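Take a look at the following structure, please.
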């Protein structure tokens, strides 16, 4: 997609709170950006490395619980809790990767599902630490350069800033030589080995990076909601994230963002008009899987090419 | 002593429930290489359908039949309409079943509401029975016997009928089976319907113990996965042994280490995946 | 001169089936060594064992004197072994030059670089184009793979292997499924490969292969039946028996 498009989108994003009618929509925009961070991080694994995971919400949970526990129970400042949460989650992701990558295909999917469920079970049962069903609440939003992020549009700009950082980091990664090798392991793992690449190591690094970026999403999530509970780690949530990636277009940079927007808009806007937006989401997803497997981005490109092709 | 006996019965009952779930999943995966992520939803929907039948004044037994037919039919439709068109693309099929799970879960919420719905055991089977001076809930005993009947039925189907032979051959070596003229497409439909129907039956049969509530599907699916990985994909024996093994681990785990019970559930699966990816009795590596 | 590849008493079984039985094979530097045998003889299996895709049950493999029997495929590639596959394993969604660039990356530390653009990496672009020129695909460098013919894809397969800068090249039926014209093109290409690259090749097209080969090894049911110069093997009564008997 060309530069002009990206600049236009960026411009819109920058002035969004000024255009939007009220804090509800500004908050929604923040939520979309946070969902997009999760989707982009998952996309690294699913879209680029070709490893489908159903445990991604686990990273949301890990980062959110670690940072909120440290903030609320120990009273540490946001910079340290965020750093520790991100580091901790990334390390745990690395350990998960060591186990999960012993398998491929469906087994891999099931192991990631299991990990997600184990974390969910921990959040639910280890009530003394996690607060069980009640979760941890009362998490204050940080102050960013003196600005109180309790204000919706300030929080939005903070989120936008983080989102752009993540987006740029991932864009650089996938366009780099290493990024090309990740994609290679998805297409032809056997050939990659024969060419001298350490396929396992490439996948493990990607797996861990997925956890790293996911943890950033987790921090943003808990700052936005100022609350974390086991529900956020549910299988349904992991599935939703996968939905975002696939529906938007796995293996593209714009896809996960579009997918995140689709799901969040359905959840928050369509739900006001359509009671059963989940059914709608499910049907849309099935439709995309059946007829536009490359997701919305692929569908869009096809239309674009069809228009551009001289008859 | 009574603790052990009661827990053992609970384990067996849970194992029986898990078997109806795991058997279908394992067969579907073994034959079609589809990890049916909507399997938990079929279980839950079966319970809801059965509930409605009972609330309409009919017997529990009719409810079980209704669940079997309704969910079996649903499975047929899903297979024909969606999965068949994605043949050859495993990932797409799995994703499609995920979408179906979402739809079923939400529609269930739509029709039956958000409250947990208890289901009463049929009057014949409610109440307790005295064995060795200990009272055991009759329904759980009935559930165990029921699941054994289903296991026997499936075993007879797979071992003694022509259909069963074709299914087993296709699970073992799909290309070879197709090469000798086994009608793959028809077989897929039958097995998928059967698997779905089994899950539906399991749902209503388990309802007097588990109740039925939104989220039951997401609760049951991971456990079913643990069972089939542990027991081995594509193996009925594996589903049987795995179900009861997990039944025991979970029931005793719940009673002895309530905080960790859920996690204990996954450990056997992770160990098996690391040590013997094929599972205890599996014929295929996932 | 010490051999570049030494396979000693290599064996492999699948369940009860012995697919490779005590194979001994020696390839000297610069040699063009042909591996022949009827279908099912175990030639590709032997390649997979040598390249590391399969682990042997017993026996050893030495590359340039170094024992590589326990090494992974990737590590063997790092030791300058390259192979092509009978069934094409190209990166279908990319164009030709991207395919070759990826092949070049395999042994470069550049492959770990997480920034900078792969697409415009100048050092890679030049080298990749060079290699494509060598196999006659220079003008098609920017074409997506799906727009190339089967013959061109087979040439790309060889280009990828050459990109690895190997000292020994394993070619698995490089001429399979090609038209007469394409066969000539590839044969010329193979003949033009510098002698500092040793070639071990499986091929069924006897006319071409025999003309190309210095030494030949005949494999049947996983066993080496005979091995020697082209003349020796052709004249060996066992060769005639195996081929004419079918």
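Chains here go by letter, A, B and C, matching the order in which they are written, and residues are numbered from 1 within each.
Just so we're on the same page, a residue touches a chain if its C-beta (ideal position, glycine included) is under 8 Å from a C-beta of that chain, and two chains touch if they have at least 3 such contacts.
Note that the structure is a prediction, hence the values are computed from the model and not measured.
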| item | value |
| --- | --- |
| Least hop count linking chain B to chain C through chains in contact | 2 |
| Identity of the most central chain, Cα criterion | A |
| From chain B, the most remote chain by mean C-alpha position | C |
| Dominant chain pairing [most C-beta pairs in contact] | A-B |
| Geometric centre distance via CA averages, chain C-chain B, whole Å | 49 |
| Rounded Å distance, chain A centre to chain B centre (Cα mean) | 32 |
| Approximate Å spacing (C-alpha centroids) for the pair chain A, chain C | 42 |
| Residue list for chain C, restricted to those that touch at least two other chains | none |
| Residues of chain B touching at least two other chains | none |
| Touching residues (chain side chain A, partner chain C) in the complex | 172-173, 175-181, 184, 187-188, 190-199 |
| Touch list for chain C against partner chain A, complex | 51-53, 72-74, 77-78, 82-83, 85, 89-93, 98, 101-103, 105-107, 110-119, 121, 124, 160, 164 |
| List of chain B residues in touch with chain A within their complex | 29, 33, 35, 37, 82, 85-86, 89-92, 94-96, 98-103, 105-107, 109-110, 218, 221-222, 225-226, 229, 258-263, 265-266, 269-270, 273-274, 277, 285-286 |
| Chain B-touching residues of chain A, taken from the complex the two chains share | 52, 99, 102-103, 105-107, 109-111, 113-114, 117-118, 121-122, 124-127, 234-236, 239, 242-243, 246, 275-276, 278-279, 281-283, 285-286, 289-290, 293 |
